[in-house]
């Protein structure tokens, strides 16, 4: 399969062009040769991740957090040098989808998390730079649900806000929408205090843990629809 | 003592006017009447903190994290309403010092942390919007030092970077300065990955825990030099 | 009636969300308790206005000029402290509508002024930051009309531009639209000179005087459609 | 005398290069021929002013309010066409000094106003975009002083803030500096309300009236030091 | 014919209002009297061009490059004084259309160039600040085509990108669109190197030479549809 | 020699930190291993240049035009991929100095050019984003001097402005400084017209040709003071 066909397919599927994102989404590192037979998926681009992806036979890595943000890469030195060097040496391309992979109804982190939590009446919520990326939903039964190691106690009928990654800033917006619980990945201290001041309950289930949902769903979609060989490369904790 | 004399004294002591800070430092909430007999200190402005400060007899609260940031307060609703309402009802003034209380050599979080860790040859490092707020220093002995519950293992002679609060973005700068360890309060996931990519060891000792050092040092300075009655109001975990 | 129902009704009625305004429109100060039985209307938020509104039994003040502009309130000190203190002490909420209350065809200052002046063929004109807020119209008879103490001489058939408040900057645009008269509230000296250079006749009828029209029309609409108790609190000249 | 010598002399005298001004100060319109024998002074550039200046024999007009502001002149149409056409047809150059002519200790509007009001202990105050342009001073005797038609009652020993033109925004700053009176040219309605909220007495003595002081002082300085023929062209009220 | 009718006709024809252009398009210099009997066309506004236009009897000049860009004209001195002085002395108005005259399908530089080169399947390409101004097309035969003195060798079936003026920055975009040749007016050195790095063939056919096409096509349209007397004033090389 | 020692030496020598430059100066691409035995110099970073530099045995390339500008590199694709790939494959580092290498009195393009042209009384001129990068000087004899293929006729005593690269925008500033000739590398069409309107003679001597002077002077300085092996790699015209 051609690299350009795959990247164009993901661009369309996730509506990448519609997002005003601090991540420079889509293809971030090219490669020599356009043929791709195997695609590796992960949350974060790192030299270690790329080396393991290449070792698995992948020519393309698809991640949630790439290496080009904002204005771009000022210097190919330090950590970013390591990532680019790993990709160039292994001749592996890198594709990143950040907010589009939070927001997608079909395979975004937040719809996937909401389905995982058993929410119903899911609808879009929480606007980041004009992009509505999270969701709210209604808990469909009492009980405790897990995201990674974190326990999420749910009461049937309560309204729950969900926004993956570092999204503590939306806790108060969740309260205004009538939620009694807001689930995110991680929250800065300022957002923890703001949520407390507003009287909003917030659970931090892990930045990484809340963001494996999207890449895995995208992996399934690509395997199913493009018939590509795929592999998920989990993070190795150091 | 007059409120204006106290705020002017802190402004001078911390050189508040020299910082380009996203916090609108100095007096953030006024009060009726200029006489202050007792000053409460804490890390974060919250309705609970202010109520306990007022209950202790304080007319002025001095904090690291106030309620006015960036352009200011758009609406006195939600959580910020609760804080302002608590202050107005109790007739308590609020003073905030953010970056100036990170950076001060005499009573800033980072010099205090460095002294707490037994570092020597302390010097300024880590520039945030043109404000140099952190420090580096050389570990003076082998062993484990604690910040709150967090253990910091140190090897004599190693260079250590220190920046309180949410300062993970400086991990790579610490490496460039020759540090083998970077101590901060909390780090976003992106900064954790960036530090890993750069091969930099980083310890997160708690945003709150790393920032009690500065307000307590300022409290001691005010008690000593202005002869004011003071009290530190610790956070009650919810 | 619930505070949130009233504010949402005004937001919809005036299409508040469509305006790019330097005023932070909609609810600016909350209150304890959601029940509102009486609403006070005025042009400008001041401690005196709020105290008189509260004395009249109002739980909510609706004004054209609130207290939160641009980035927001940097410090609750000085004059803004007085206004917020008055609202907090009296437990009165504050709602502001600036450009939306200039522009509304149903109850905005400028359509009301145009009807007051007897203009016909009224149409929108004068764009401020992308918001078309004023009107032009054709005088329907000869004679002098008054706005407050100011006499406005009109000749049947002449085209008149109208923009309430401080809108002298539109005088030359009025000329380009074929107006022979431009009526505003107040004009800065620079705008007076620019109008003279362009050969445009401009009448300043008072910032306050031209902006009582909108709040009074909104008061009538709320009284009529929401059935709320209302009162207009005029300014007391000092 | 050469035009370039005169403009360089004023640039130096008023330290024009030090000001971050919305007016594009210094020479705004050139002329054919560098010889200048007579200089006309006025507050505002208008076609009428320029025509009268040319009729008096002037080759150069020096004003407080020129025709080029901010990014510059977008179109030579309407009112600005009239002014430029008048200058080009009469071959008259135009020089503008805005903030520099408010601030100059030797011949700025505000020091001149302060001397006119009999203030002593005059010192700089009121910063506009980093430029300190106004003054404060202490009234030296009881009584009423006039600026144009406006009466300014003064009590010996009271501190007075002075800022010419449209400077009502500084009323609250004057209060913080301990002034009991703030004198300006004109104030927008928002500034009037803000001053009232802050409990600050403000007198509006006229934008034009407060700004004849600077150009006249500059005229005297040029007549005295450069030996040039000069004339002041007063505004004719329309 | 009235000046305002002509300018409004061109505004509509070229959809001037739709472009976000650094040129302040439409009428840039007005004139005394609204009657226009003859219109001169040229690429660049210069004192020499305006003088020759006036000598030919024109009351209006229409150009691709006017004199007002960005924020506008800061000072009527130096070169811009010469141009304005020439226009004012000869009482000639000036109209400029920059990007709208690059982009117009009917009479823009790039569609005209594409037709001149014999391209088929012409479609819009190359977005500058949100304005799509250039084209791509397919060469319809083998051979060499000329633009001014520059030879453009074409191979039947190859895809060619065309963007008049200084548009070398689009060379790499042309490659991404599948072009094997990019034709522009002039390219900065940085763009030449960037095109080489990307392996893209680029021909610079002259800024002036590529931009006579649009004004001449507009001239024909105005002559044909408005029935105005027109003249093209070519540049005289100095 | 260590890479970091060389880059720090150039940073100091050219005062790189003092420039507000659109080029992200200093080290742009790192390499594996810190030892550098040979340094290649050139004007422009290209895959071809880097390959030839590596073939000559260089571990470090020093250029005037690097690959990271403004916010940085958004995507490692297309032309920039080729350059980075060449550097990574050959394990060659890249150092860029843009404005600092225009401005340096010791080895900058413009002082070198001025000395080449035989100018005397050389002094700094022409400010770009606050950086004074060019020079003026007085021709010391009559005659023709060459820069590359371009002839520069000079008359003894005339004042000449010099600014390498694409600096046509300074032509009018040169006139205001009393120059009768302005020498630059290349000028955009708009700057050519502006210079003509202002009556200023400008010679374009080639962007590349005017910018070999600085890198060659830096090469001599490094060879002399650091004792490094160096080579200049000229551009091969394609």
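Letters A, B, C, D, E and F name the chains as they come in the text, with residue numbers starting at 1 for each one.
The rule is simple: a contact is a pair of C-beta atoms (placed from the backbone, for glycine too) under 8 Å apart; a residue touches a chain by one contact, two chains touch by 3 or more.
Just so it is clear, the structure is predicted and the values come from calculations on it, not from any experiment.
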> What chains touch chain A and also chain E?
Replying inline: F
>> If you apply the touch rule, which chains end up adjacent to both chain B and chain F?
In response: A
> chain D-chain E contact: same residues or different, taking over half shared as same?
Replying inline: same
> Where centres are the averaged C-alpha coordinates, which chain has the largest centre distance to chain B?
Replying inline: E
>> Suppose a student superposes the Cα atoms of chain C on chain D; what rotation angle should they report, nearest 5 degrees?
In response: 180
>> Using Cα averages as centroids, what's the distance between chain E and chain F in whole Å?
In response: 32
> Using CA atom averages as chain centres, what separation in Å is found between chain A and chain F?
Replying inline: 44
>> Going by the contact rule already set, what residues in chain C reach two or more other chains?
In response: 78
>> Tell me the shape of the graph of touching chains, choosing from line, ring, star, complete and other.
In response: ring
>> Touching residues of chain D toward chain C in the complex: what are they?
In response: 44, 46-48, 65, 78-80, 82-83, 165-166, 172, 175-176, 185-186, 188-190, 193-199, 207-208, 238
> Which bits of chain B are touching chain C when the two form their complex?
Replying inline: 24, 26-30, 32, 68, 70-78, 81, 84-85, 88-89
